[in-house]
Each structure stands twice: as C-alpha cells, then as structure tokens.
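One structure coming up, written as structure tokens, with questions to follow.
When the chains are written out, they are named A, B, C and D in that same order, and each has its own residue count from 1.
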Amino acid sequence: MRLRVEADLRYWLPGPSDVLLAIEAAPTEEQTLLDDGLVVNALGPLTTVPGDDGIGRRTWLRADGEFVANYRGTFEVEREVDQLARLAVTPRHELPAAVIPYLWPSRFCQSDLFVSFVEREFRGLEGGALIAAMASWIGSHIDYTIGSSHGRTSAVDTFVARQGVCRDYAHVMAAFTRAAGIPARLVSAYAWKLEPQDFHAVVDVWLDGRWRLVDASGLAPTEGLVRIAVGRDATDISFMTVFGSAEFVAQDVRVTRLEEDASPSCGATRPDAADEKAAPSSAAPAQ
Amino acid sequence: MRLRVEADLRYWLPGPSDVLLAIEAAPTEEQTLLDDGLVVNALGPLTTVPGDDGIGRRTWLRADGEFVANYRGTFEVEREVDQLARLAVTPRHELPAAVIPYLWPSRFCQSDLFVSFVEREFRGLEGGALIAAMASWIGSHIDYTIGSSHGRTSAVDTFVARQGVCRDYAHVMAAFTRAAGIPARLVSAYAWKLEPQDFHAVVDVWLDGRWRLVDASGLAPTEGLVRIAVGRDATDISFMTVFGSAEFVAQDVRVTRLEEDASPSCGATRPDAADEKAAPSSAAPAQ
Amino acid sequence: MRLRVEADLRYWLPGPSDVLLAIEAAPTEEQTLLDDGLVVNALGPLTTVPGDDGIGRRTWLRADGEFVANYRGTFEVEREVDQLARLAVTPRHELPAAVIPYLWPSRFCQSDLFVSFVEREFRGLEGGALIAAMASWIGSHIDYTIGSSHGRTSAVDTFVARQGVCRDYAHVMAAFTRAAGIPARLVSAYAWKLEPQDFHAVVDVWLDGRWRLVDASGLAPTEGLVRIAVGRDATDISFMTVFGSAEFVAQDVRVTRLEEDASPSCGATRPDAADEKAAPSSAAPAQ
Amino acid sequence: MRLRVEADLRYWLPGPSDVLLAIEAAPTEEQTLLDDGLVVNALGPLTTVPGDDGIGRRTWLRADGEFVANYRGTFEVEREVDQLARLAVTPRHELPAAVIPYLWPSRFCQSDLFVSFVEREFRGLEGGALIAAMASWIGSHIDYTIGSSHGRTSAVDTFVARQGVCRDYAHVMAAFTRAAGIPARLVSAYAWKLEPQDFHAVVDVWLDGRWRLVDASGLAPTEGLVRIAVGRDATDISFMTVFGSAEFVAQDVRVTRLEEDASPSCGATRPDAADEKAAPSSAAPAQ
C-alpha cells in the first residue's frame, strides 16, 4: 500500500546545541521510497549518517532557540505478514555477526532477569509459536495507559506495573524474546491506523533467517508500518537527541493511505526560507 | 505445642564492633516463654531493648575476633490457625496508629508499584479471601530456589525472577497486601518442620482487628512458628547487625517438638566462661 | 518566635476514597500550640491518630470529587539552635528502642550503599562535627533545582544527579548519617522564610541524647521550623495519602511571623458549611 | 613489545548448551598476530563470527559436562601512548556512523544520569584534558576492592559505593565520557603486568578522529594491552556466554613479555585429542 508519512516537531532550545534526528523513514526492500524531504531550521549544513544496522539514517544539525523539523515522505509498503507460529528458530551459530548483540540484555530490556519467568510461563513452546504466545501474553497482561511511563521506564518496570505505552510493550517483548535466546531489536516506525497518531515502537524478532516484525501492542496493522530506525532499545531509536536542553512545544505525526496513483506532493510543501535547510533525499542501504 | 528452639551463630569480626542481635524468641499471648537463655562472648555487658511494636527484644553487645552466640528457648505455642477467607478488612480509620506505617511501601516491599497488578489479578476479591488468593498465587508462581537471591533482593526483583527463598516470598506477600491497602509486616520466626532449618520469615496481615500470620512459602505449619521480631521488611527483622565488618563462619538453627512434660535443659548448656555474658531472660510485652 | 502557619490543599478525587492527612503542626516542647484548626470537606466524621513516634497526628477522612483542606495554626516556637560541632555521638546501646529503626537504611535513604563513601570523604570526623561536615558537603555538591526529582527519587538518585529539592537534600543527609551509624529521621515542617513557600523536609539527627534538627538545604532558618511529622523517609511524612486516585488542583502554604501579642484569628476563618468538618484541636504528646 | 597471552577456562555445564567465547585477541594495526590457537572440547565444529565493530571474533560451540578452553597467542604490540591532554574533541557530526551508538547511555554506563555531575566537577575542561581529569578523578575516588561488585553492578552503583574492580572503573569512565557527549566503548584485553592476572577491562574514548585507550584503574600500562573485544559495556565484551547454566571450576590468565626473537611455541602446546577442536587462526579486520 502507498503511505504518506508526515512528522512535525517543534521544540525550544535555550542555547545552541547539536541535534541528532532520526525521523526519516528508511528505504528497504519492503518499503520503497517514492519521495521524501526533511526541512529544518538549522544553524548550518546538515550531515547525514547511516542508521544502526544500515537501516535508514540519522541527521546531525545545530540549532538554537525555536527549532522546527518537518518531514514528509511517500512510501510503497509491500510487507508480507508473517505467520509467526510456523517460523523456526535459527540455530545461534548461524546468526550473522551483526545480529548477535541483539541476544544480549540492554538497559531497558533486561532479558537476563526474565529467564525463569519465560521458562515457566511458556514451557514447551519454541520458535515462532513461542514468540506468538509471548506477544499474546503481553497484549492481555499489560494495559495501554498513556502517561503511565516515562523515558527511563524499563521492561522490568512495565512487567511489574502492568501498564505502558507502545515502547513499553516493545521493551517487554524484546526482553522476553532475548530471555529465550532469540535475537530481538526495537524498531521505530510510522504506523498507519495508529490511534492516537505518534511515532510507534515495535519489535523485530530474528526467526527463520531474517527479522520479523512483531507488535505486541496490537495497536496498528504490521502491513501499514513504515520503518524509521532500529536498535537495542528505545535509547537507540530515539527520534531526536539534543546535546543540551530542549523544551517540548508541539509534535504532530500523520500517516495517510494514498490512492496508488496519487502523485506525491512533498516538494510543494518544502519552504524556501534561507535559514532552513532541506535535507536531500537519499536512500540508505536496505538491511 | 511445646517447642525447643536453638540457634548457634559463629562469625569473625576483624575489629571491635557493636553488634545488635535479634534472635531471642518473643513471649506473646500465643507463645508462652517457659525458659530461655542467650550466651555470647562479648567485650562487656549486654544491653537489651524492646523490639519494634514491643514484640521481643534486641540485644546490644560489643565483640571482637571470634564471635559466638548461642540461644536456647522453650515455648508453649498455642496459635489458632486463622481461616483467612472468613476474615474481613478492618476499616482503615480504625487502624491503631502503630499499624499505619505498615500500609506504606518499604525498600523491599515496593507496594506502590504493584497496585495495578493486584487490581488486575485479584479483581473482585477482598479481605481474607483476597489475602488467601495472594498467598496461593505466590506459592504457585515463585520457585523456592536457595541461592537465587541476596540481602538486597526486593519484592520487585523476586516478582520478575520468579525465584526466591522465604524472605523473598514474605516480601512479595507484604507488597501485594499493602498494594491492596491492607497493613502487612514481616515476621522473623523459628519454624518447626522447616527444611532445611534456618531462621524463617513470614508475614503478619492485619485483618478483622488484629495481626494474622501468613506464610506464602508454605514451608512450615503456622502453628509451629515461634516469633522473634517484626518490622517493615527484612531490614527491620535482621537477626544480627554488625556495625563494622564480619565474616560468616557457621550458623545452625534447630526447632524440636518436646513432649509436654519434658523438662527444659537450657541452663545446663550455658557456658560459664568469664568473658561470656548470658543475657537474662525477660518477657517483652506481648503484642 | 510566634508563627502563623496556613496550608490550603485542593484536589480532585474521581471516586470516593480514604484520605490520610498529615498537615497539622505538632505541639512539642519546642513549639507550643496556641490555636489551630483543620477544615475539610469530607463525607463523614474525621478520625485522628497519633503520628509516628508520637509526634503530631494524622487525620483519616473520606472524600469524593472536589477535596479541599484548610489548616491554620499559631505556634510559639522556642528552639535552641544546636552548635552541632560540639555534640557527641550517643553510644548505640544507650539509644531508646524507638530510635533504633532510624539506624537502618530505608527505601529512599539507602545508607548501606554509602558506607564506603562516608568513610572516605569524612575520615577522622565524628559526632556533631561529622554531621556538620556532611550537611556542608551536601549543600555545596547538590544544586537546588525545582522539577529535577519526583516522588520516587532516592538518596542514591540525588547523589548521582547532584540535583534535587528539599526532600532530596533530606534523604541524602539521612542516608549519610545512618551510614555513619548515627540515627536520622525525616521531618516535615512549615518553614518560616522558605522561598518559594511549600511544605519543607529536613532531618533529625540523634546526638547527645536527643534529636537535633539539621537542614542540609540551608533554605530556611532552623529556629523558624514548625514540625508536622517524622518518619524514616518521605514515605512516612507524606502530607496527604489517597487510597485511590487524585488529581492535583492547587496548593498553598504560608508561614508568617506574628507580633508576639497578636491575637490568633484561626477561629474566624473556619467555614461553617454543614458538609465541612472541622477537626478538633488536640495536643499530641511531645517527643 | 612481544607478548604471549594464555587463557585457560574450566567450567561445568550440567546439560548441552551453546557457548559463545570471546577470548581470542584481535589482530589490529597496533597488535600484530604472530600466532595463536584456541583449543576447546566441544560437541561439534566451531563457528567463528567477527566481533562488534569488526574487532576480533567470537566463537560459537556446543558443550556438555566438563568444558575446557585454552587459548594461546603471541602478538607484537606497538601502541603509541596518547598524550590525552593534547587531543581535541571530534565534532559530533564528523563521527562515523558506527561510533554514534557509543554516545548513548547503556545498561551499565548510565551516562544520562551523570550529566550534571560531570558539568559541575569538570567545569572548564574539554577534549583530552577533560578525559584525563575524569580518569584521574576515578582513580583517586574509587578503591580497587576485589569482591565488591558483581555481574550486574553498574556505573551508578560503583559511583555510590566508591569500590570496584576493573570493569567497574571502566563503566564509570565510559559513563562520564558519554555524559560529556564524547563516545566511549568498553574494551576487554589481556594486560601485561596486571596483578593479579585476569581478563582486563578498559575504555576506548573517541578523540581527534580515532579511539584512544584509557585505563582509569591505572592497573596496567596501556602499551602492554592486547585487545580482545569491544562493545557498549560489560554485556558486549563478556569473554564467555553460556545459553544454559554453567558452574565455574577454574580460570587462569597469563601475559608474558617475550624476547623479540623468541620463537612462538603455540603449536607445540596444542593437544591432539580427537574430541578437542582447535579453532583455526584467522585475522579479523583491524579497526
């Protein structure tokens, strides 16, 4: 399906600061970039670098005072939805080197602490059937409660509190998966039909030789996700990192399904103001 | 039943240190002191103070080098085992002042973090029925695993790890109880039939106007418990606190059921060495 | 000096809930109650119970919807300010039983974790001189930053973050003190000259046979403090506990120095509305 | 200098388990591999994968019961010791993509929590001078105390406890460095002159366009380090990961300086037993 993604960020920076953005969706095999553009008011030129695992990219810039970033992109997303239960575990010694770190616990996915729980609760299950059971358990034991967590809430916190938002579901899902010795990474994404609209966080689980998207929150259809970035946990996929302080002003994310023959209109919305810098569209290598 | 309790502690103190012992069982309405004696090798006189909530007592002493404490006591225990499910919640405004702090979270019983879990998992239950369901849940979801926890393991840690020893069961039980707005305190005890023998930790829950013993671990019959001390969590009921460093050498706890007419033999085992101090037997006020 | 204290709380309770208030200042030897009154809109009668350590009192009530509490009190405060550096440590075995629990770590004052730091940083100091050095260290190493902490911020968090508000200063002070084997408890208070006005938190340290007020934040003169409650840490001295949910609406605290012959006017401000309950003035036993 | 490194691990695995080893030193520009060999008793063939950042490699194997691994290597190490104080910060937008994740907090290096401390304590310093001051601060404020930490001890824990071993020093160093917005990663290494001999952990800091070794513990000369692996914190550089349980039996690490013309003798020590598998020597790409 063809999806139009739009993100508008507005922050106040009390002093000149380096800013690292990760809001541009990633061209990959499953999501073809038709057109996109990033417009920000920066103090100088932008620099882009590939994202983790070569997925998508990050953009460095320097800003001061009012900071505005607007991203527009059109993607053709053709993602086959996996029948998880049929997928087998990949023998660990066949894992690519770049996947191995996703076996480890991370700050917000303390998988080592869940080993006993996972063994008890999901005894007898393995591979995709295990992953499906974990996602189902999470969906039915955790309440989606806006405001119930914050930027340092971990999988342990959420498992105890039984409340969270999408990133919390994703942290618990990744922690459970790694506790079973299966690689899992966090994925930030634009999500069609997500209500209310915002950046979404889901999980990639490595099964049968490649990454498979799993959304334990069940809040948006997997086939309507447009990946932005991947990483070990929320730390890595943060959509904006400011080296200094910043105050939130406003933020708006929108994902719209387009008729297949709609002509993208991104260019037309790009402002020309001299002090705003439009990042060039560029395709990062697909995973 | 008549119970003989014996505890032998042996530690090495590299330098002179204040030591606070809480190993003497407490005379209370339910457990009548027949005779007891504490023998320690201390540097000077012992000082005793009542325990928290006036239950039992603590003994201050000063020691250096090899430290040995031997306690012997005989108690007639007549404890009616509560039918938890029939007990009602005490309205909070009727709680005695001394009971109110047992409503609060404490370091190892972070009850505030379990409020949502308790509401979800035990919905519709209240009073003693709720407490019984909690104890049952804990018994069936946590594995008794020696060595799985340490001195700073909290209820949150145990809830996640699904493993623990008696104090961990007690911490989770107290945390759940307080999360439901019902007072709970930790109790250290000698426990008949506990295997392997050691100091035991259980929970007092305030229902229907008084404290009721609950042992979520199910490791020893409640009627064979001999209380030592009470407090908010393991911090308060520690059987020995050394203000300085100490190395464990050996420790032995024994609880034996006596024929009712057996004559206690405590005095006979008391060493007479001049540098050892026998604490006088004294009855702390019953709860 | 004669101080007039006033506190106005306004909250919204979405459903009927038990509420426990601890906002009434405590009559003690050092602060003589001249008159006071608590007015709240409750669903039924109020119940009062003594506070921890017999200091002050707590008030139970039941409320629903808009909840308002207004407290007015006039106290004659005559507090000798201690010359800390001259005070000696009380031998531990002379501590009253009720003071012993204030030697222990608590949830927000994890004194056991600071033992090495305290030994290194304050080597050679003891008694009041040690306490004074600790207060001075805290004052110069932690920045008073409103908004830098929250309700579960502990002494460890503050020690690392080097930022906090009055309760954070008090937690670090109590943690350091207990790490040195000296009892410390938290004190909530009305504080003359505190800017901005709010409930204040300071510390009682047990030196030379009694509690001594220490305010590591240095935000208000000790002689102008009017104690409300005491406890192990912020958990115990919370000015309001709601068993259910509550939303903050507004809160206002004021402390004014009166001319010594000013006649208190508390009675005149007490509303007469039938559904509001005025708590009777009553003197809790002084410490 | 020419260094001979030897590591012997002995564990007991109660059941067949996947094991991931990272004990082979890494050929890099600064340390030339002369010869090496890994001998393990495994259930089948070994599989090797490159280590994180392409440094060194990991070896997968499967083992059961007694597990023994012996590694021998000879390296010519020519490392210029950096004059830290003269090195400049690399502008963040010039950081290679692979270096960016080392700006982020990780589980054991919670750099976000130290931002205020670092700003206060090291005000006015930057670049290499800042890094040198941090290393010096850590060396003088933390005591090297064997047994004072465990596998989940974090930089926050060590900063509070003021005690640790090499990995704890490295965690604090990396946390401070990242808190200042400078990339840092953990490095496992064989260390000449380390007493007692063991695997060592130090830090790479990115200054002036490349990684620079920093050892805040000061326990071994930087020029005698032989790198094994790198990663975000101790999680990534673990020398052995068992997917299942394992009991420690014995472990021995030795680093010896050879005369430059000494002929390596690794081959001669390689056992030929049929059930032991020697990993082929292979050069991982240098960093």
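For the reader, a short list of remarks on this structure follows.
We take it that contacts are C-beta pairs under 8 Å (C-beta built on N, C-alpha and C of every residue); 3 or more make two chains touch, one makes a residue touch a chain.
All of these numbers come straight from a predicted model, not from anything done at the bench.
Fewest steps needed to get from chain B to chain C, stepping only to touching chains, is 1.
Copies chain C and chain D of the same sequence differ by a rotation of 180 degrees once their CA atoms are superposed, given in steps of 5. Among the other chains, the CA centroid farthest from that of chain A is the one of B.
Centroids built from CA atoms put chain D at 49 Å from chain C. We define each chain's centre as the mean of its Cα atoms; on that basis chain B and chain D are separated by 45 Å.
Averaging Cα coordinates per chain places chain A and chain D 31 Å apart.
Along chain C, no residue makes contact with two or more other chains.
In terms of which chains touch, the assembly is arranged as a closed ring, every chain touching its two neighbours and no others. Under the contact rule stated at the top, the pairs of chains that touch are A-B, A-D, B-C, C-D.
By the touch criterion given at the top, residues 18, 20, 47, 49-52, 58, 60, 92-97, 100-101, 103-107, 110, 112, 152, 181, 231, 235-236, 241, 243 of chain D touch chain A in their complex. By the touch criterion stated above, chain B contacts chain A in their complex at residues 113-114, 116-117, 120, 141, 143, 156-157, 159-163.
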